[in-house]
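Same chain, two partners: subunit A is paired with subunit B first, then with subunit C.
Showing the complex of A and B:
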């Protein structure tokens, strides 16, 4: 069972109270993008065996979007933060590096 | 004018806890910047203040709950909902805010008795023993969104009116005599 703490309302919500929103921190391919770049933006996901950044909505709660960093194998949760950002908070990146020194970074 | 009727017209059920649809209940939704001085002032006019995160507070026959970082829900007698909505909307005229009378879009239940918690333990992914007095908890009951909080003698719960029958069914089934957890 996955439990994530919503950074907006502070509730530690069980997975069924949340709606998944897919990979976080996607960058939209611009108007000058090639077909291949746009296809990649639409369909290609990292889906790593390791640290994932995911969008979640506290749908049966405060209704707000947030981002969770967790491990796709161990399900260890490193942290959550509001979705109104373009990159993970620095202290969370430190936390993940401390836990997984071989981590290749979020980008 | 036609008579106003609540979703289930005060339906009741006696099981190991007592379930009641509480009848007409005023609910006013407030969307605003919760940190704004204007909001504090507008609520002050009703003898209320801005509740902290997930808190529900009361003053006289009014209750005010924190629903999200930009949303509050005010509970009042049904016949005061329109006037309170107007009063708040006027007071918040200069703010980026919205006040809406949602009384007819919601339903309220009371769950009473020593084992009231157990009715919701079976329906909601919430650790009831750690729910303090004065907190309003939004979650789901089976498949639908609800919010509940502690009151004298048990819990009160709100849901959308469109699922009132479904929620009453859940609560009745959960509270069936002999179906207590412990």
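Showing the complex of A and C:
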């Protein structure tokens, strides 16, 4: 079972205590966006076989949203951080690069 | 290819069964094919088979990173039905179901299609209304389904508990021509059919890169060398996004684990397929006597082909109220497969941004039942370069244009 540590309340929760919220760091296209950009925002997903950044809500706990960096095959968790950010923290990116030197980056 | 028949069995019985040949050979890759199908699961093999049978295209390779039928084709709960609400879904699933009826004869391979009847239990008022609506829709689509009351459910499934305190059985949608088939045999039968037409099935051959020239696909790099092709069909279910990334585009698909489990083998106790969508479990009995039980998917991206314990618990807990005898059974094994989920829970059969690359994916939790129809429609798309009537509504452009085929709302659950 997947276990993640909520960065808000510090509780290490099992996946039954959490609600998954899909791919993180999607950037909503602005009013000048083309149809293709908006389609991409709404539907196209990275769905990587490797490092995923995904939104989770500590639904049966503090109720806050956070983001987890995780490997989609091994389920190794690299870290979690609050959802109020537009990009992953630099130290987490360093951690992932150290673990997977061939990693192509989060974008 | 030597045909299987009662005479062949008699002949081999006379000579210690030494004359059986391999069902399909293990060829060396040619430098170039007219069509390469990536993925030797049911859908990929069916695509190749109907390319040859319906369009005469036989210079085809089906390449597979693992072993034939080792992905979701070998991991599902083998349910076949076509009682869908939306017209495009009904059309392609009913095509598949009707092809299943004649498939053993067509392939000269026993796929053990068993039209034993399929019940979808209504356990809430909402479901009663929903299934009655589906019965009416199926009537208009020419698909035989009917609504039955609780007593008829009890007659069909004697072990059922109609009066569960939380989820009483209020009736069911019955598709009498639905049922099951032997999942491995479907892949093996199609593979043998493809090989008989001279197609190459290349196992343990993983695609590592897809190359294109002037926006048209030209070749694939594999672990067994570079192979050229005029057309490429990507039919890889859970790994569709991985292949799409190699070709340079993204899909509206997320890969998640779906799991199933079987009990120890017991004497016959249920001779229909029962789906209970409110509590989210489905149940049938295999020919070996095991109860085959399926449940829901994980909600997050996962490529690990493992199950999650809490889903086993949830599924069994849900089924025990309605099927009390299974509380005494020991579960024999459980496994997971990686399914490709689209937002509207309907498949994608489509052209792609790269010329002459076609994709067939997004069957999510319900791909097995669709194998023959999916292969039929995909072969048409690959051969003509344009979708035929079965695939027309399932293009990638439906997301941009807002023309969803919304089976997630229709079914209320994964299906």
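Just so we're on the same page, the second predicted complex is superposed on the first by the 107 of 107 C-alpha atoms of A that agree within 3 Å, B and C clash if a C-alpha of one lies under 4 Å from a C-alpha of the other, contacts with A are read in each partner's own complex, and residues count from 1 in each chain.
Just so we're on the same page, a residue touches a chain if its C-beta (ideal position, glycine included) is under 8 Å from a C-beta of that chain, and two chains touch if they have at least 3 such contacts.
What you see is a predicted model, and the numbers here were worked out from it, not measured in a lab.
Engineer: So in the superposed three-chain picture, is A:48 touching just subunit B, just subunit C, both, or none of them (first/second/both/neither)?
Structural biologist: Second partner only.
Engineer: So in the superposed three-chain picture, is A:97 touching just subunit B, just subunit C, both, or none of them (first/second/both/neither)?
Structural biologist: After superposing on A, A:97 lies clear of both subunit B and subunit C.
Engineer: Taking the superposition as given, does A:74 touch the first partner, subunit B, the second, subunit C, both, or neither?
Structural biologist: Once the two structures are laid over each other on A, A:74 reaches subunit C alone.
Engineer: Applying the document's definition of touching, compare subunit B and subunit C: which contacts more of subunit A?
Structural biologist: C
Engineer: Under the stated touch criterion, which partner chain does A:16 make contact with: subunit B (first), subunit C (second), both, or neither?
Structural biologist: both
Engineer: Between subunit B (first) and subunit C (second), which does A:25 come into contact with in this model arrangement: first, second, both, or neither?
Structural biologist: After superposing on A, A:25 lies clear of both subunit B and subunit C.
Engineer: Could you give the residue numbers on subunit A that contact subunit B in one complex and subunit C in the other?
Structural biologist: The answer is residues 14, 16 of subunit A.
Engineer: Within their complex, state which residues of subunit C touch subunit A.
Structural biologist: Touch list, subunit C to subunit A: 239, 241-242, 245, 250-255, 298-304, 308-310, 343, 399-400.
Engineer: Where on subunit B does subunit A make contact in their complex?
Structural biologist: For this pair, the touching residues of subunit B are 53-54, 67-69, 71, 125, 137-140, 145.
Engineer: Which residues of subunit A touch subunit C once you look at their complex with the stated criterion?
Structural biologist: Residue list for subunit A touching subunit C: 1-2, 14-16, 19-20, 22-23, 35-36, 39-40, 42-49, 52, 54, 72-75.
Engineer: Under the touch definition given earlier, write down the residues of subunit A that touch subunit B in their complex.
Structural biologist: Going by the criterion above, the answer is residues 8-11, 13-14, 16-17, 60-64.
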